[in-house]
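Alright, structures below, take your time with them.
Both complexes shown next keep chain A, but they swap its partner, so chain B is in the first and chain C is in the second.
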Partner chain A sequence: MDEFYDAATRLNCQAIRDWQATERPIVGYTCSYTPGEIFHSVDILPVRLKGIETEGMEIGDTYYGPFICSFPKCLLQLAGKEKFMFLDGAIITPGCDGMRRLDECWRKAAEDYKGILPDFFYYFDVPHKSENHGMAWYIEELRILIKKIENHFNVKVTDDNLADAIKVYNQGRRMLQEIESLRYRDDVVVSGTDIFAATVAGTVMQREAYNQALRRWLEELKNRTTSLSAGKKRLMLIGSISDEIELFRMLEENNDAIVVGENLCFGIRHEGNEIDEHGDPVEALGRHYLQSSVCPRMYGKYKERLALLKQKLDAARVDGVVMQNIRFCDLHGAENSLFERDLEAMGMPCLKLEREYGPMIDVGRMKLRINAFLERLRV
Partner chain B sequence: MRPEILEYNYDRLMGGTLTAAAKFPVGFQKETDFAFNYIPYFRGALKTMIDAGPTGKRFIKLLASYYENILTARDQGKMIVGTTFCNTPAILYAMDLVPATFEILTALGCMVWRRGMFDYMDYAVESGMPETACSAQRGFLGAFLAGLFENIDFLVCDTPGVCDTNANAFAFSSAYLDKPFYQLNYPSAIGDDRSQKYHIDDYREMIRFIETHSGKKLDYDRLAQALAEINRQDAITADIEDMLLMVPTPIPPIFNVMIYAGRFCFAGHPEYTELLEVMLEDVTRRMNNGVPGLKCGEEKLRIFMCYIDHYTVDMNFYEYLEERGIAHTGSILTRNFRDGNKYVRDLPDNAYHVDTSSPDAMFETLAQMNARMPMVRSIRGPYDRHGMWLEESLACARMYQADCVIYNGTPGCRNTWGMLKPFARDVEKQGFPVHIMNDDGFDDRVESWDATKERLDEFFHVRGLL
Partner chain C sequence: MSIVAGCDVGSLTSKAVIMKNKKIIASHLIKSKPRPKDSADAVMKAVLAQAGLTRGDIAHCTGTGYGRERIDFVDEVISEISCHGKGARWLLPTARTVIDIGGQDCKTMRIDRDGNISRFMTNDKCASGTGRFLEVMAKVLGVSIDELGKLSKQSVAPVTLASTCTVWAQADVIKFINSGIPVEDIGAGINTAMAGRVAILVNAVKPEEDIFMTGGVAKNIGVVSTLEKLIGKRIKKARKADPQMAGAIGAALLSWEKVNGNGLRN
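Right, the complex of A and B next:
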């Protein structure tokens, strides 16, 4: 677990230092619609950018306006503070309006903070629909991205090495699914905090090394017998982007609750389906990454997302759902309201929490509300 | 929502108000002033429009017609389609459908009623929309979700890829009320072959969606009529905008809002053509007689609004410009970006071309026109890319000889606020003083109009502009 926690909770973690020592490139990305497999296939380490370790907001606030979610602001702050200097490239995706403007804010901040912009800085244009021409556009975007990577890093992405990368990622996906299924049991032997840390670590660690660590951990988990869930309420955490292990810890340090599921874009939700290992690998990546439709940025897919969530809630036999949204995250804010209405109507208690991303500044307020929610579940 | 607000349908109230306003007796000054005593809550906005002369009066009639269409749609066997201002209604008129444009319906309530749209905005929040969501949709949305508006049959929006919070309002409405929904999605670039093709593919899907849910086939004869009407409207608008190049301009500030609001309500419909004809006659007469657009008679300053105007109670913003002697040279909403216009000379990719030679050509015209609507055209991609917000704002500010550039929006506009500060710095570097208004263009509770006015005065004073 230590290596997972190291990778999940430190920007300059051992996994990154080890990779840097090999003098191979690292590319950061901002959104779960970016396939890591492409980078992996040509020995580039893909690292999903996290907002952890932010210690101020003077740079984030200077370039971003005041009405923007604190997550992209934290990324900009970290970039300005030279915390992402290990990056050889960065991919900005229009996951949401706040996140896509990281493109301009980072570039403009680099006019004042010299050297903070990676040499390879790329805007990856992900559409908001996955049908027909939307899918065709995304697959074409993938092919353009591949060309850009090839040209910049002087590498060649072949179908074969991309297919191999998909296989490696699928191994990890299968293990994460297995770990996820352990949460469905009556006696849950692993905390939600640990599972989330392990999942976030997967967005940083070199994939083969990650798979090995995951394999070891899975074997250990299978031999565990001590239940962590006895007498506790089973919670699911959903909503806005979060890479905060502390958020899970806050829910679970209360001895009345265990997190048995999450639906967060840093979490397992993208691991639900394996990627097709046959046929054109770029098309397979396209289908997997765009069609999952797990993010409210894919407008008009609410019913599908509700059905998917319901399926997860049933599988993990959840007692209550904690829905968090970062202030100014309108997409999750609105969707959480719809989920709350529909899940409560199905008899599933829900708690909606608006909060700031970052160093858990309003932890007292949140704890109070979570405790009240747990009291409701007990009644 | 307060119970008394729930007692009255928003659409009937607004429709009644505007219909009455369209019949307002305009006689001698004394008679008109006397009549104003009977409408204390609508006096400010109505007076502003009536003071704008025949154009203002024609504009009120246009707004009344817009509401009348909505209120009589059922009786006429027409369906109502919820849509957004940056989706041209021409296609809906061509398919005999009635548009209900969220932002227009919010802005009208804001301007006309002293209480603004506060109750409805808050009701949208009670229903689950985040309070941080854009007020431009949230106002009308509250009335709609509360059941105080005609039933909307289905929803079509074109802001995914352009504005999250706008698109989200439509997606939320669709899920909340279980209404069919189609989203036109825009890539981040404009003008390149790939994006052009995407516009057409996506628009074709939208037509299929509308045909399915309305049970009506797109009638190309009607579409040809709508495009012919757009041709006339664009030509008149170009003539009017030519007169905006003059210093001083004979165009009053409030004509700007009439140009774009009319277009959002009635593009491709004779109602808008009539407004533009009256407006052209009005400004031509002013020009020929040497009468400036500003009532005070002296044009002291020219501003370019790089985003939207300020629409709250009594249309105060336009009166303020009049009082201070400030000419309004347009906003992101004003220009239609038809090819041949002077301001598109350096922005050819931002322009559309009207071709009615065949059904395919007409279809393509409409798809590309829609892709050039406000916001869709220039805030879809990074602001400093070719054809995007910076290039377009500078082109317009230079063309119309603006002395400064002013941003006004809403706190809900995640998209522009996400890039506004670097954008403003880049505009300043080009020699234009920039002021960022902190208010909400639709909600005076965010910053009172008095505070907004003070900040504008301070900017003009500190920068030595007035």
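Right, the complex of A and C next:
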């Protein structure tokens, strides 16, 4: 677990230092709609940008203004503080409007903070619909992205390399799905905190190394017999973007609850479906990333997302859902309210938490609400 | 019959209640000290003295309030949300919605017939809508918290505070004082601003009657009457005990349930 925690909780982690030692490029990305397989296929390390280790917000606030989600502001703050200098490139995606604005805010900040803009700085557009022209558009965007990468890094993304990368990623997906299924048992042998750390680590570590570490961990988990769930309430954590291991730790620290599922974009949700290993690999990537979407940024998919969530809640026999949303995160703020309405009507207790992203801001008030929610569940 | 206690360490005041057979035999309230542990020790010492008991006589004690995790003599800690629900139900058995305005937060809850929470909301934006807001405003106005509540009834033309932010509202109040606006109109404006913030939370839990208010602000008639107008429903009063003691009463009741085996959290 140590390597997972290192990769998940430190910006300058061992996995990045090891890769830097090979003098091969690292490209950061901001959204789960960016296929890591493309980079992996040409020996570029894709690293999902995290907002951890942010101290202060003077740069983020200056270029963004105050009324916006604190996650992209943290990314800008870290960029301005030269915490992302290990990047050879960055891909900005319109996961939401706040994240879209990171493109222009980072460029603008780079006028004042020299050298913080990676040489390869690319805006990767992602449509909000996955049907027909939306899918054609996304696949076209993927092909343009590939061309840009080839030109900048002087590499060639071939169908064979891409197909191999898909196979490697699928191996990891299968193992994560196997780990996820361990949470469906009566006696859960692994904490939600550990699983989330392992999942977040996958957005940083080199994929073959990650798969090996995951394989070792999975074997160890299969041999565990001590239940961590006995007498505890089974929770699911959903909502706004979060890479915060501490959030899970806070839910589980009093030994009253165990997190048996999450629906977060750093979590396992995108790993559920494997990518088709046959046919055109770019089209296969397109189908996986755009169609298996569970993010509220996608139009017209609420019922699909509710059904998927309900399926996960049933499988993991969840007692209550904690819905967090970062202040000014309209997408999850709105969807959490819909989920709360529909899940409560089905008899599933829900707790909505509005909060700031950051090094566990609002801990006292959040704990109060979580404690009261768990007390409600215990009645 | 076992003697139980509840200790509620809030940000402004700390309260302790001792109960025997679900009846209060002693209660005490003090202004909170900087350290929650010191507040808890002081208020417990005072309430034990009042009852003529020692800590050894208490079969079970539940701690609550923002300082609940710093009280070292309690047997259990429970959130103030659950405690206020229990306490409110004891104070007013017909209560189904509880509004608690504490020193640093405001909570609204819907409770079932046993006083258990079925839905709750807490303010998570800022200090407006909290007891601290009133405390700051009363200080600027040069009146006590109790006097502030009574000002609404004497007001002819209440002012409107432009901001719900405590700091900016304070600036507004100073501006009104300097402009020679009567203190009762400013006070009424403060109570209205407070009620307006709380009404948002009350409506968010879809209140069912009877509605009951706990916490120190429940004694502020200006806020309560304005809030009634804003939500269009009556807020019932309880005469059984001081509503500010509701958290400590609820904590003691949870201790009683624990000791008597029908507790909700055994």
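Convention: the second predicted complex is superposed on the first by the 379 of 379 C-alpha atoms of A that agree within 3 Å, B and C clash if a C-alpha of one lies under 4 Å from a C-alpha of the other, contacts with A are read in each partner's own complex, and residues count from 1 in each chain.
By definition in this document, a contact is a pair of C-beta atoms (placed from the backbone, for glycine too) under 8 Å apart; a residue touches a chain by one contact, two chains touch by 3 or more.
Nothing here was measured: the structure is a model prediction, and the numbers come from that model.
*Asks:* Could you tell me if A:252 is touching chain B, chain C, both of them or neither one (first, second, both, neither)?
*Replies:* Touch status of A:252: no partner.
*Asks:* Which of the two partners, first being chain B and second being chain C, lies in contact with A:137: first, second, both, or neither?
*Replies:* It touches chain B, and chain C stays clear.
*Asks:* Thinking of the overlay built on chain A, is A:3 touched by chain B (first), by chain C (second), by both, or by neither?
*Replies:* neither
*Asks:* Determine, under the contact definition given at the top, whether A:125 touches first (chain B), second (chain C), both, or neither.
*Replies:* In the superposition, A:125 contacts chain B only.
*Asks:* Once the shared chain is lined up, is A:262 touching chain B (first), chain C (second), both, or neither of them?
*Replies:* neither
*Asks:* Of the two partner chains, chain B (first) and chain C (second), which one does A:364 touch, if any: first, second, both, or neither?
*Replies:* A:364 sits against chain C, while chain B stays out of touch.
*Asks:* Going by the contact rule stated at the top, is it chain B or chain C that touches a larger number of residues on chain A?
*Replies:* With both complexes superposed on chain A, more residues of chain A are touched by B.
*Asks:* After the superposition on A, what does A:37 contact: first (chain B), second (chain C), both or neither?
*Replies:* neither
*Asks:* With the touch criterion stated at the top, can you tell me which chain A residues are shared between the chain B interface and the chain C interface?
*Replies:* Residues common to the chain A contacts of chain C and of chain B are 354, listed in rising order.
*Asks:* Quick one: which bits of chain C touch chain A in the complex? Just the residue numbers, please.
*Replies:* It is residues 66, 78-82, 105, 116-118, 120, 122, 124, 264-265 of chain C that touch chain A.
*Asks:* Touching residues of chain B toward chain A in the complex: what are they?
*Replies:* The touching residues are 127-130, 132-133, 160-161, 163-165, 167-168, 170-172, 174-176, 181-183, 185, 187-189, 194, 198, 201-202, 205, 381-384, 411-423, 425-426.
*Asks:* Sort out for me which residues of chain A touch chain B in the complex.
*Replies:* 62-69, 72, 94, 96-98, 100-101, 103-105, 108, 123, 125, 127-129, 131-134, 137, 140, 296-297, 299-300, 302-303, 325, 327-331, 333-334, 337-338, 340-341, 354
*Asks:* Tell me, which parts of chain A touch chain C in their complex?
*Replies:* Of all residues in chain A, those touching chain C are 353-355, 362, 364-365, 368-369, 371-372, 375-376, 378-379.
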